[in-house]
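Paired with subunit B in one complex and with subunit C in the other, subunit A is shared by the two complexes that follow.
Presenting the complex of A and B:
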């Protein structure tokens, strides 16, 4: 069964590039431009993985992450944080809130694809 | 009638018996056994009753006859002080104990910088001031003997036996005063034996007066009711019992006696110097007033009874007390009353002369001897004999002076008036005493000025007139004033005629006294020692100056050896007392005996206090200085030590000041640090934000570059689209870097500003022309309202002004709907400012964001996307830079919603002053 990926970012160009990358890797891709949109999308149809930017409008990435993790029905959703905030404490904060991985912008497309694949395979699916 | 021989023998025997009591008590005191019997609060309270002299004993009745209850204020004052002012007494007592005060002169001198001059002045003042008072006692005793020994009542009325007895009385009292007071030198000026004798005398005079009172009231009359009823029938008595008759100087007398109970040398002596235990004062605060009440119960009955009985017989009311038993043939009672009066007089004379002689020797003679005959003194091992001899001579001299005054003036006055003259002199000490313990300020010169001024006025308004009345000075001095100057009449100074002579003198002398004191005190800076003593006295009860550390600059160094210090102490207080004190001190230091003692500041202090106990604080300092000097330590060196001490004090004061300054500095520093930290945090946030903003376009560039690299087979149009994104993100990155640098430059103040008069039209033209291509590309219309040619120039940097316009106009263009986008630019003058408005018809800016929009990196969320706009091209710094530039021009930038839709960005720039002026 094809894995699904939800890409969340408020930068149109980054959204575009991530969409392209995920589609090329063979996943079903959905997009969201802010926290509310992302959460609604996750609740509607839980994706296998969320590529989550932190600095997004309305509800930031941390809050989205927290909401997903506090919902037992969504425990299988993997979360990979992708953000330009490169500081150590921010990475730690994301991991503490239940993210499964963290990628810093600007990222290597190849590495990002590998991380996504790893996380999706790690679920045993 | 009593025989002369019997009266004299009984009196002498009584005095000798008193002396025996004193001697016995002294021996008990020195043996150290059974102290409670001779040193207790009853004896202490009774000894304070030395206040009641023969003046009181005989004179109260006399005064009651002439002014009814007018005799009372003399007792009211002390009662008020002891009952309501006990805390004042307690404070003086504590100071006397910690400072080893030996007299009132010592007290005042010690307080105002340990000045010998003050001690001397106070001594002179009290000696002169008290002499009338002592002569009064002599007169009272002589009169009483005259009355008793008169052959019959006729001669009692007429003769009063002149002054035959006065000289005899003087000599006998002098002998007893010498015996009581100068048998040995005590380190503390305690005369335990004398105090017991005084207490006995107080008891005797009380018993005697009450006895005659009972005899008159119940023996001659039938109780109080009978006395008053019969007296009421006398015509002159009805007006006697009114307050008007009591005299308008009621207030004056109360105040005077309040001062006297503390400031009379003998009261100071018994209340403070002779006190052995502070706790005794507690009982005295009610027992002494009670004594006063009891001794006054029978004053009015005797006075009224006397008026009824002796009216018209010519007998002096001052002698009623004796006249009653005498006229009724009561020989024993007469003798008892006589002894009571003798007790009152003897007690007063003995204590007063002892107190005065101590002051004369310590504060007048010794300082002079030390100054002028120092070498000869240095040769004498034992100075106690010299001290005692000086005091003996002083006692006899004072009494002879009193006798002379009596012979010259005494006949012309009532007892009471003479006493009040002395009270008024003693009262001159009251202001400096009160200020001494409740005000830290005040200097030696202030005290000197106050005391001397008050004393001078007293001499002029009371003492000299008393000489004039008795013929020693021309009578015109009182009646016309000196040289006929009426304003200087001693009883009506400066035309003040409404007061009696005592009130008048008190009024002017107090004004002079307090006025001079304050005048000098407020102008002068206190010296170190004045300041220290001020603190020690005022804070007598605080922990800062415990008894063992009076806080004085002491002799702390020098060549003095233990032996020399010991010799010094022994010279003044004797070998025995010195050995005792040294041994106690040694034990306190943890040594077996005094052999192991070393010279330290504690020992110095001990010796100074021992010596001070014998000769007063001021003289002790000189003695100490000379002792240390004898050890080949120069005077300069002592001064240096003193100076050093004061330097240390000054230094510590400076240290305190410095530490306060440091505290302030460190507070400021930590505040500055806080600001720095805050600035650091802001900078950190700025860097973090810049980093974030740089990473965002970089992410797109890298992603699409890698995608293009990985997918060479990508369709042509998609490839072009991706490449377009790479190009525009690169431009965004460049813009961002430029703007960050611009902003950093502006904020660091390193931006080069070329501010001059700038014409508006060319600037607007240049900005709009630069933006023409974008507008054409996006199909947005740019409306530029015509700029009138006569617009005045503005004060600005032309390039930066263009930058602001381009930024605002391109921003507006970016958010316009496409197609149908319209951007308008309007320039118009508004007062002293030129106003530039850029209006778009885009989506507008939510109210909540309008204020923050000029903050760094603030971007209205969601504004950069959708509707096919060239997304993600904002940097979040453009408006911030505009705001900084406009501020630099002293203008203002703001944003309001457009009239229909969109936003209106407006900024102002000042019009050139030179151009603006003529247009007004």
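Presenting the complex of A and C:
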């Protein structure tokens, strides 16, 4: 069955590239531009993976992450955090709140696609 | 000559004269009469004249006695009473019956005495009130000076130091050179001060300071005489408006050497990065614009430009990454932080909740060393616990600390719900009580940190706050085994040995003390244990002179055992290269002078000093007071006389990072001593001799108790 990915970011330009990247990798792609939209989308149809930026309007990425993790029905959703801050403590906070991995902006699209694939095949940590 | 005799004697002499005149005049008169009388009248004259003479003398004596009893004596005792009232006790009462036969003298004198007593009382109260307010202001000023994060030095117009704060010593990195009355220019370069003071002086003398935006203040940059520090400060003139003269100035300053360096570094980084970013951005922009122009069929040309795009994008990424990590390294050093032992930090926090029955708060796990600003971090943790109590109904909190490769962590674990990121963010958005006006988020930002709350096993939640690793190597292993408490042991001769002489009668309040503490490699001086740190503070006129403290690490000439490092935080590395005890003790001896030595469990510290004094050719024969014993005198209801227990009874807070440092413990003991002196007065112990005698009694009681 085709895996689905929800891409959450409020920057339209990066959203364009990420959408293209994920589609090319063969996933069903949905987009969200803020925290509320992301959470609604996840609750409606849980995706297999969320590419989650931390600095998004309404609810920040930490909150979305923690909300997903506190819902047992969503325990199979993988979360890959994308952050522009890149400080170690922020990454650690994301991981502590339930993210499965992280990538710092700017990132290599090739590596990002690989990370997503790993997480979806259950081989990534 | 008569005036120098007392009133009673003068009256007596007066009546004695009359009494003496009676036989002379009477005898003379009768003798003349006998010459002129016929017959033989002599026996009659003798008989009657003699009888009349004796009766007269009797009357004179009786009148004298009446006078003595009812006039001279009462006058004398009223005079004595008045003297008492004038010189000793204004409240002294003059008896009503005194001088009953002296008319209005008694009531008038009593009235005058009353008026005098009232006036004295009023003046006394006025003086007391004024003294109290001066004292309060002085304490406030001292507290402010102490807390100020800027150096403060006050000088007179000859540039001699009148006052300075601890921060000034720290910034300038001086100890012995700084002292009251010393010239400022033995430490600082004089040129800027002379120029600046001239400028301010002429501004004042010409009256230009009125309406001047900086009034009598101006900025100046100056340096240490050895050129090692550049400092930036403000000079504020102190003037005497009455006679238009300059009495001195206040200098506040900060070390900007490091800040300047950081500023230069970040400026350089900014410029370099800007320049380096221009290259990849220029290449990218040019390549993109070219790509738009190249015809679709020129495959080779397109590929070339696409290569440029991916190469330059990569370069831009890398530049950014490099800039990010270099920039973070610069900003980290801005907020003042120190290495803190987590046990001290967390225990200070639990103490805040001890009286609060709605909260149970305890420390668990292995203690570690971490680096933070302990004041704001304790305030932050306090705030989080109170929020969890009110908003999540949690009431049992466990505090712990742990360390990873890159960070240390403080953890608060409670039984109850998890605080969501939004909730935690809300908690941290408020200004925090005792957090120096900062919000929780700001405190975290200063520590380059983030906080989060995560669920842990058994339905518990845990807040984690990453902090920095300690800067100094605190190498010893830190375990939770209870630390041995310093044994109290007494050398009975110790307190008696000094021949006190006249000092014994001096009031405890008026004496000069040096309160000291030493840290050692162990508890057995006679078994090779050595001093590794010694510190002292002076108390003069009931004030702790924190600015003139003695504080010195000592190379013990042997290994520092891990246990000692654990208790004191002093490691082998820290004592390597420090002076030996034979160099330090003479300096300490000079510092002590003829002050009374005071220590908590003084026998312990004195034992070490006395074992070493012969090597140094010195004698510490000063009088010694022990705050353990003094505490036992005034608080005989308990046997808890550890420094922590005593300090707590007097609400003297020992900052966690200074507990078990020689200076920190000396300061705490000094605070304790001042409180003890107040209480000893209640027990009628006012002089040094009395205090030592009472101490000896306690020692004797303890010795007897020890026998059973």
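Throughout what follows, the second predicted complex is superposed on the first by the 122 of 125 C-alpha atoms of A that agree within 3 Å, B and C clash if a C-alpha of one lies under 4 Å from a C-alpha of the other, contacts with A are read in each partner's own complex, and residues count from 1 in each chain.
Everything that follows uses one rule, which is that contacts are C-beta pairs under 8 Å (C-beta built on N, C-alpha and C of every residue); 3 or more make two chains touch, one makes a residue touch a chain.
What you see is a predicted model; the values in this text were computed from it and never measured.
In the superposition on chain A, contact is made by A:11 with subunit B only, not with subunit C. Once chain A of one complex is fitted onto chain A of the other, the partner contacts of A:21 are limited to subunit B, with no touch recorded for subunit C.
When the two structures are aligned on the shared chain, A:41 is found in touch with neither subunit B nor subunit C. Touch criterion met: A:89 reaches subunit C, while subunit B stays clear of it. In the superposition on chain A, A:71 makes contact with neither subunit B nor subunit C. When the two complexes are overlaid on their common chain A, residue A:33 makes contact with subunit B while staying clear of subunit C.
For subunit A, the partner that touches more of its residues is B, with subunit B and subunit C as the two candidates.
Within the superposed three-chain model, A:59 lies in touch with subunit C and out of touch with subunit B [touch as defined at top]. Touch criterion met: A:110 reaches subunit B, while subunit C stays clear of it. Counting contacts as defined above, subunit A residues 86-87, 106, 108 meet subunit B in one complex and subunit C in the other. Those residues of subunit C that touch subunit A in the shared complex are 313-314, 316-317, 320, 324, 328, 406-407, 418, 420-422, 448-452, 454, 464, 466.
Those residues of subunit B lying in contact with subunit A across their complex are 688, 691-693, 695-696, 698-704, 706-707, 710-711, 725, 729, 861-862, 865, 871-872.
Looking at the complex, you find that subunit A touches subunit C at residues 59-60, 62-63, 66-67, 70, 86-90, 92-93, 96-97, 106, 108. On the subunit A side of its complex with subunit B, the touching residues are 10-14, 16-18, 20-21, 24, 33-34, 55, 57-58, 84-87, 104-110.
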